[in-house]
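Pasting the structures here.
Here subunit A shows up in two complexes: once beside subunit B, once beside subunit C.
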Partner chain A sequence: MRGRGTGEGGRVMRASVAIAALFVFVFALPVPLPASPFPQDTSAGKAVYQKWCAGCHGDNGAGDGPGAKHMIPPPRDFTGAIYQIRSTPSGQLPTDADLLRSIDEGLFGTAMPGWKTRLSDRQRRDVLAYIKTFSSFFADTTQRPQPIAYGSAPGGGGGAEALKVGRQFYDSIGCRKCHGDQGRGDGPSAPTLKDDAGHPIFAANLHENWRFNGGGTVEDIYHRLRTGLDGTPMPSFSDLLEQKFLTDEQLWRVAQYVRSLSPQEPPVVRDVVHVPLAKRLPHSPDDSAWTAVDVYWFPLVGQIIHKERWFAPAVTGVWVKAVHTADSIALRVTWDDRSASPDTSWLPFIGRVLNTLDSDDSTREQPAPWPDQLAVQFPVTIPSGMERPYFLMGSAGAPVYQWRWSSSSRTAAVAGLARGIDRFDPLGAAAGIPTQAVYDHGQWRVVFTRALASADTASQLPFRSGRAIPVAFFAWDGSNGEHGTRMAISTWYFLALDEPVPARVFISPVLAMVLTLGLGMLVVWRAQQKTSYRKGRQ
Partner chain B sequence: MTGRIFNVVGAMFLLTVCSKGSQSNAAPAAPPPAPAAASDLAAAGGTITGKIKFTGTAPRNPAIDMSEEAACKAKYTTTPTEENVVAGPANALANVFVYVKSGLPAGQTFPAPATPVVLDQNGCRYHPHILGVMVGQNLEIKNSDPVLHNIKAIAKKNRPFNVSQPNAGMTKTVTFSQPEVMVNLECNVHGWMHAYAGVRSDPFFAVSQQDGSFTISGLPPGTYTIEAWHEKFGTQTATVTIAGTESKTANFTFAAH
Partner chain C sequence: MRAYLRHPFWQAVGLFVLAYLVIVFVIPMLPGSAMVPSSVVLQYMATVLVGILIWVSDDEARWTTFKEPLHEVLIQPRLKLVRNGLLAAVTLVVGCLTYSQVKASVAAPPNLRSIHPAPPSQITFRGKTITLVGLENPLRKQGELAPHVAEGRRIYYQNCVPCHGDHLDGQGHFASGFNPLPANFQDNGTIAQLTESFVFWRIAKGGPGLPREGTPWNSAMPAWEDFLTEDEIWSVVLFLYDQTGWKPRTWEVTAK
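Let's turn to the complex of A and B:
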């Protein structure tokens, strides 16, 4: 499960596509003209704030800008001066350096972008000073922040012995209660977690350190363990050291263990999946034959083009492996999901998710025990040139061929033709795709198998070697309220049976996707601007 | 949304006004009255007693599923429940925080007692569930369970915190710097664990007993607004005038809804 190496043409997925897309969305909204709460304050920081931050954080810093109801976690409410990323003990204010870091780098894995390249040093410092004026705590001289004096990581952190110690304390001090046995955010307390304002919050998936809000290095992790993330359920563990229940070295070991769960480098996207020829088809997800096969990572983002749009997808990406024999293909898709839905213990969580986000529909849907789903999509036939059907489930005139798997019937996926996002015509039981699925500590692993040839070449793509076969993925996390158009989507990638096709033949799909999403949203926004936005301001 | 913005604007405006006000009050060097020891006050002042009841049917306290925490579960012989509404005989209402909301002479200060208030985590529940503590007084939070608890304080006027106690025998001492009714305390590992702390800058508060009774003593003469706070039923107020060392009654009746 490691994204090893950096394939040529790969792009580091630091700031996810979703963030870029959301950004476009938020700034497409007109900036409202408020009555200023600080008529005397004409400082430069305020101007920067109004232009760049208020769309999310709100004119008054209360975290309620026009974009706020389109993201989880929601933007910070600055009026309480409760900050997650600090160098100070739990409960204290952050230092200016702490705030500047969040502003410079953003909070990874959230909608909060980094501003280092967009704003000048001066502007970032000005806006920092301005956001502090939203809370009286910063003016209170008894509240001076005092950074913790951190030591540095003890050596030998990557070694087996060190990791064993780390794992031991991970278990004994109870990280697993929230983060789960394997660290995928699926602990027994996970469905009950909320932030201070009652919004739903996931315990971080510790296998995705590139999405840790405060950074993914051992030092970052250790600092978060000392300070906690105020405003969230993630507590500080400093008292363990002060009261001598744990040594500093042991806490570092926990941080090192947590770090070891994620790949060495954040996964890079390689567009073309090389599908090697094998003697035998591995049908089971845990067949040892899979270990020798290269793995590919494809990021997923919220479906925000068609109504009902979805801004809070839970599945962040899929890991794909594929092999074929002389006559069949096996595709293994692995993704992290905090629950094997349907799971009724997550119903209140779904309710909170739906309440936190603005719905496109006037009637808000009631939470229901929806299953987890995954769809694999191909064109109906291998395209000869650059032409490909619309990536988002085809269109009425140009359908796409899909395999739809659901956790409520795990042994077969339904094959069918999608003609747009809300029309799926199953092809009948004979066309069904056998699957084998495993749910294991916050992770689904599903193997799809099919003959290379197909009986009905007009609708069921025949797989052939030598030509790049477009493929796309869609995922739904039922326990996050996802079904129908509320899903996570990818753009087109490619399968290449036998030999990989050089990546540069194709336009970057990620770039294409950003463009598509951006354009799509402009259209949606235009259509909605008059109705929904005005409604919101009444 | 607009409404919310106005609230915030309003609050900020008030804050500005208030802080200006207190500054100009503080500037003239009228020395505050010498603080009297709480015990002297109790001996000297008046007393307010009362009974708290509710009408209607109390909602059932949800049962707690402790199957994830064997060590806590073992501390009970019957299934433990939450303590959202603790009713005594004849519709008496326990766990109501009663305090003097206003009426004390401006500028009078009261020393915080040296003895701490203790909040125990035992059997994966908080003991007590409702407590009062003075500004500056130690609140000692201890873990009697061999399991991880985190203690998160959600507050507006005071700084929040979120600390963890993975081991039995751990303690954490905190103080609050501003009066606030109430500061919410919760454990996120065990979503059912909630406690509420009423933080006051004076010692005139009480938590109603199982029979619904409460006593606030040592009040100097004056006319007071007394507020009774219940976590599910909201708040009620009463006005009571104390002259000398008399005892007055203030009963409250909440409606169960």
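Let's turn to the complex of A and C:
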């Protein structure tokens, strides 16, 4: 095409402009019209509110609906007009766009879902108008809240130099006091935290950006740093900019550093843990051999199936790695926990948790220094069909085999049979599972090791390679008031132990390759023969 | 460039690549669409290939020109590098494909689950025998519905929201921790297809009360008879239908 006249280039250009215009037209249509001023109908909004919002936020918007006492953080109390997620300076009202964003996207890491796909544009705007009627602060329309003028993130945010600057200011502006040295929400002030209403509140675990209430991008984090989370202990750092304690670019670096603590993408659940064959078993949680092993994420949620239920679990999930040798298996479970319980400095926090939640028991329990615990659960034998014991700790007729580790005795887990959530029968000291545990800046890492074969094949699962072995996990954070049936649970997942690859597996690929190559060469040879024959005849 | 654009071989290659891009990248972007599974992509691409081959072979002249580059690669001395490269690449791909087919891998066992297993004809609710066949929601005959619906709403928000969600679509904040996922009542395949007595049974007996084909060992649904009274369960059933707008299936009235 080069040098061959502009006529054709022009045609191509015109065509692409037309196509682009068509695309813009087609995709621009469903985009809502500019956000302000919203057409607002508070009486239509009231109907939407009562149908979909009042269950948690209450008929009068006071955050006291019937669902409220089963949630931490509790639902927003609209009567105070104090909102965490804003684009406006601390202490000011949010803009309509701010409120609409929280309605549309929900608040990640909380019970508030995003309503964008669940209600129409019209319904969401009407309900937004109605929510504002709960507080007289919104009635004064002369004061229109103005968003802070945010710049954009300076480049090079992922580079070592930028992250170093971010880390430096993370320390100097005091983030680590609550969020901790490594950002897992385990700072020295963490046990003292409560919101304006006195409810317990966790400093965010900065390694789980998919749970940040206002979103997990660098921009979201920077906005929270500028505005603070009103009503919570999270302050605004805008005044430090005015005092020239740090520059805007340096605050952006803090946001970029915080973002760098979480994975690139939120973890995806894969059902089957692939357990590779190793020459040596890593017993220590920080053995370098673990770095080469694939990691698996399993979400944990509250035990809300059996009395007494638990609606506010602190452990959000476990990261699992496993390897095996010819005769043993090592399983490493890593999870974030804000304290190495038992820790008496958390007792007031436990008290606040227990006070905030409704309990199945009529008597309210007193806070106690409970330990952290973790249980790994297997069936007693690998099931041959799809039938398995009940995932929530088996049943009287079909028990499960469990390893129960506790922070109060870190070097061994108790092996036993669970026959339902409230019955655990230990198998005796000989069946105990050796463990090595490390508590490191808001994270437990525990390695369980066991022989593949077992002395008692009826109750202690013999591990076999090449089979899907059901596994489940349970975690208790003692400093969140968790013990007994108050815990975080998972459903059944699987372990699959690799077999050594037999030589016969390589035969068929090699055979296929030889055949393909032979055929290919034959085709080429035939084509060339034919051509030279034809040439010869000419 | 122009010569390439006009050549049937390169047109065919272009079409093939374009079809792939559309199937893999454009279709998921359409509203209401989703990622195309790889097996379906394979089927589509096979269809596209057949279509292209029919088109190029439809015309004798086009077919001859189409074959030219292929033939050139096979015989031209100057294309020796391309020829050998292609041979090696095809051989390698075949080797890798075969290896991935024969190597042992362990998958999660299939989860064959009946979503709406047949209910028993009667159940024992806290020691009381309740016959499910022909059973209607007794609250529908007790005066005003609104107070019962309000009671059901209260119970739903206190107990059911973490899994079944504020929107009753099975996407509560604990839903992702469970398998099977909590039932989506907004979907036309759940309560919309069931009688109220079936829904009562599922709430009262939960996961542990499922027959074997319902894989009771996986279900996180509690047995609500441990928490709620008979009337409380019936009021939740009322609320589910009221909030979603579905009508329960009714028993056929048998003529006398």
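Keep in mind that, in the parts below, the second predicted complex is superposed on the first by the 453 of 538 C-alpha atoms of A that agree within 3 Å, B and C clash if a C-alpha of one lies under 4 Å from a C-alpha of the other, contacts with A are read in each partner's own complex, and residues count from 1 in each chain.
What we mean here is this: a residue touches a chain if its C-beta (ideal position, glycine included) is under 8 Å from a C-beta of that chain, and two chains touch if they have at least 3 such contacts.
In this text, all values refer to a predicted model and were calculated from it rather than measured experimentally.
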item	value
First, second, both or neither for A:R118, with subunit B first and subunit C second	second
Which of subunit B and subunit C A:T142 touches, first, second, both or neither	first
Subunit B versus subunit C as contact partner of A:I489, first or second or both or neither	second
First (subunit B), second (subunit C), both or neither touched by A:D59	first
Which of subunit B and subunit C A:A453 touches, first, second, both or neither	neither
Partner chain(s) touched by A:R388 [first = subunit B, second = subunit C, both, neither]	second
First (subunit B), second (subunit C), both or neither touched by A:L240	first
Greater residue coverage of subunit A in the superposed arrangement, subunit B or subunit C	C
Intersection of subunit A interface sets (partners subunit B, subunit C)	none
Residues on subunit B engaged by subunit A in the complex (per definition of touch)	1-2, 4-5, 8-9, 11-13, 15, 19, 68, 147-148, 150-154, 156, 159-167, 170-172, 177, 188-191
Subunit C - residues contacting subunit A, complex	1-2, 31, 71, 74-75, 83, 86-87, 90-92, 94-96, 98-99, 102-112, 153-158, 161-163, 165-167, 169, 171-174, 176-179, 206-208, 212, 215-218, 220-222, 226-227, 243
Touching residues (chain side subunit A, partner subunit C) in the complex	1-2, 4, 8, 30, 51-53, 55-56, 65-67, 69-70, 110-111, 113, 115, 118, 269, 271-272, 299-302, 304-307, 311, 358, 360, 383, 385-392, 395, 398, 466-468, 489-492, 494, 496, 499, 501, 505-506, 508-510, 512-513, 516-517, 520-521, 523-524, 527-528, 531
Residues on subunit A engaged by subunit B in the complex (per definition of touch)	34-35, 37, 58-62, 64, 79-80, 82, 90-93, 136-137, 142-143, 172-174, 177-178, 188-189, 192-194, 196, 228-240, 243, 245, 536-538
